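To keep things clear, I will list the structure first and then write my remarks on it.
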């Protein structure tokens, strides 16, 4: 019970209070020095959190392969591409470096391979995955965007004015679209966004305080 | 009439996909090169860039991945070109793992163009610019940078010790930085790291670039003065490129950075937007017809 | 273009078309590309984490400490051990130990985030909303619109009391109008952002791969 709940909540409370006090500490004070040291440790622990994510991904896929899942082939592709990319990246570096053929090094064969995978596989795949959204936005707008009420009509008209104001053809049709669109974005939209931000920020601050005071323990992952 | 609306109601979404794809392909092959006018946001951003003087250190933070590159790369291109024009000391870093890699590609392109336009000047790594690479930890990195940048960034992206880089000789802490240009593709960038910590706590001026998707939420920070300037998506990126001028060494005429590629892309944006609007209008007419005359 | 660039461009084009084949129907090409994308992204993230964080901040200081005998370098063992404790989450019998570094990160993050939120999103935004609205000129008209918009939108989100009467009823109705315009503007800008990605890929396929455009 101590290790499961009490100790983590104590650490969370102490770190949270320290972070809040350290935020206001003046440079050169002992609190400020330790605040910066603890902040630096945070970045190292965050790196291990990423390792955890990758480790979990490998664990899930290895289990699927072991259990002869129907997507086994794809899991093998995932694991192989992960391990190959990681091998090239860790042994040869992530960025492009100059390889001197006259002065061969032990790990030369691994160099520049990770940057090649990034440039010709990762980047195109990621861009393409996200570009699918353009098609789905168009089809979703066609199917669902209806002026069923006054509010929906206002939403629709605003969307049209903003879209026309932000494309060259809109300003070619009528030069007034751009200033109206700009006004909507910098005044009306800004007011609505500010209200949403204020509400969200107050909610976030309350949630952070709940975490620090131990009233919220879901981040520990349950009993 | 009713049968047309019935067809539209049950239209296969792949037809819509096909229309969009055809529109993009045709416009890319036959662009119109419509006029792009410079907006207030782009002018304000250019003013912020022109306030950077020779020898002053600036940070350009590449906080985006390949998904944000289409909109943020043109911004980065314009910003880096102008900073090299102003002879600033450019420090590149990122809070996203892909950011510094994408920065390398962009910087190479900018240097090639810049050295072609300015035959007397050579941009040197370590002297005019440096890539400090990716750092995890978000705001904790900024907290540490406020005291000692060289303690948190002990080497650059290529593993070279930071003390060996001439550009970092006078840059020790965040207060030595004139301005931070944060290019953000989502969380972990301008909103959660640079604005609350670098700007609010350590008073470092921040100018930002963001994708169109997140643009509406940044206007409030411009209004409150927390952001010095903002590039809100591809539109203002294209405008900034048009606003940045240089003298062509071959023709001796004033030219701008707006390339035919960027101009074509702006045209395609126009056409796709019009098609989406037409689809929405057709759908609404069909809905109103159905509402009035029944099924 | 050298051979490696030509091969790379062709690989990129095949993967791009494989993912776009999903628009017609879910198929094995798309699944291969999808799983490969997840694998390479995770491998890349692992490489960057090792090269940019673990190697310079853990390995180098420890190596320096061992070779020179500088005891102060060994302080980096504390966050390293905490990071290793985090990895125990993968072992069910030891997973309780992972709560220690998680509570450290969450606690520190929550403390800093609470202060940052107040300092960035609450106080400056309230401060910026307090603006002159009289005498009525173009500038002050905009200020009036912003003040009314922020106050009425906040009234709309206040659910502790019924939205009746002039203040709560009328205020929330005006608030809804402002919010609808906000969401309409957000839709308008979202379309541009998504379409930009599509244009970029088509430019690659038509330009860099098929050389149909310059």
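A, B and C are the chain letters, set down in written order, and residue numbers restart from 1 in every chain.
Note that in this section a residue touches a chain if its C-beta (ideal position, glycine included) is under 8 Å from a C-beta of that chain, and two chains touch if they have at least 3 such contacts.
A quick note: this is a predicted structure, and the numbers were derived from the prediction, not measured.
K.L.:
Between B-C and A-B, name the chain pair that shares the greater number of C-beta pairs in contact.
P.N.:
When A-B is set beside B-C, the one with more contacts is A-B.
K.L.:
Please indicate which chain is farthest from chain C, where distance is taken between mean Cα coordinates of the chains.
P.N.:
B
K.L.:
Any idea how many Å lie between the Cα centroids of chain A and chain C?
P.N.:
Each chain's C-alpha centroid was found; their separation is 3 Å.
K.L.:
Counting only Cα atoms for the centres, state how far chain A is from chain B in Å.
P.N.:
Each chain reduced to its C-alpha mean, chain A and chain B end up 17 Å apart.
K.L.:
What positions in chain C touch 2 or more of the other chains?
P.N.:
Expected reply: 23, 44-45, 48-49, 52-53, 57, 108, 112, 116-117, 120, 125, 128, 146, 182, 185-186, 189-192, 194-195, 197-198, 200.
K.L.:
Would you give the residues of chain A that are in contact with at least 2 other chains, written as numbers and ranges?
P.N.:
Counting only residues that touch two or more other chains, chain A contributes 23, 39-40, 42-44, 46-47, 50, 93-94, 118-119, 122-124, 126-127, 129-130, 134-135, 137, 141, 156, 160, 163, 166-167, 185, 189-190, 193-194, 197.
K.L.:
In chain B, which residues are in touch with two or more of the other chains?
P.N.:
17, 20, 67, 69-70, 98, 135-136, 139-140, 143, 157, 159, 201, 212, 215-216, 220, 223, 232-233, 235, 269, 272-273, 276
K.L.:
Going by the contact rule set out above, which residues of chain B touch chain C in the complex?
P.N.:
These residues of chain B touch chain C: 14, 17, 20-21, 24-25, 28-29, 67, 69-71, 97-98, 133-136, 139-140, 143, 154-155, 157, 159, 192, 195-197, 199-201, 211-213, 215-216, 220, 223-226, 232-235, 260-261, 264-265, 268-269, 272-273, 276.
K.L.:
Could you list, by residue number, the parts of chain C that touch chain B in their complex?
P.N.:
23-24, 44-45, 48-49, 52-53, 56-57, 60, 108, 112, 116-117, 119-120, 124-125, 127-128, 146, 182, 185-186, 189-200, 202-203, 206-207, 212-214
K.L.:
Could you pull out which chain A residues touch chain C in their complex?
P.N.:
Residues 3-4, 7-9, 11-20, 23-24, 38-57, 59, 71, 74-75, 77-86, 88-90, 93-94, 114, 116-135, 137, 141, 151-152, 154-163, 166-167, 181, 183-185, 187-202, 204-205, 207-209, 211-212, 219-221 of chain A touch chain C in their complex.
K.L.:
Quick check: in the complex, which residue numbers of chain A touch chain B?
P.N.:
Interface residues on chain A, with respect to chain B: 23, 27, 35-36, 39-40, 42-44, 46-47, 50, 93-97, 115, 118-119, 122-124, 126-127, 129-130, 134-135, 137-139, 141-143, 145-148, 156, 160, 163-164, 166-172, 178, 182, 185-186, 189-190, 193-194, 197.
K.L.:
What residues on chain C touch chain A, complex-wise?
P.N.:
Residues in contact with chain A: 4, 8-9, 11-13, 15-16, 19-20, 22-23, 31-54, 57-58, 76, 78-80, 82-84, 86-87, 89-90, 95-97, 99-118, 120-122, 125-126, 128-129, 142, 145-150, 153-154, 156-157, 175-192, 194-195, 197-198, 200-201, 204.
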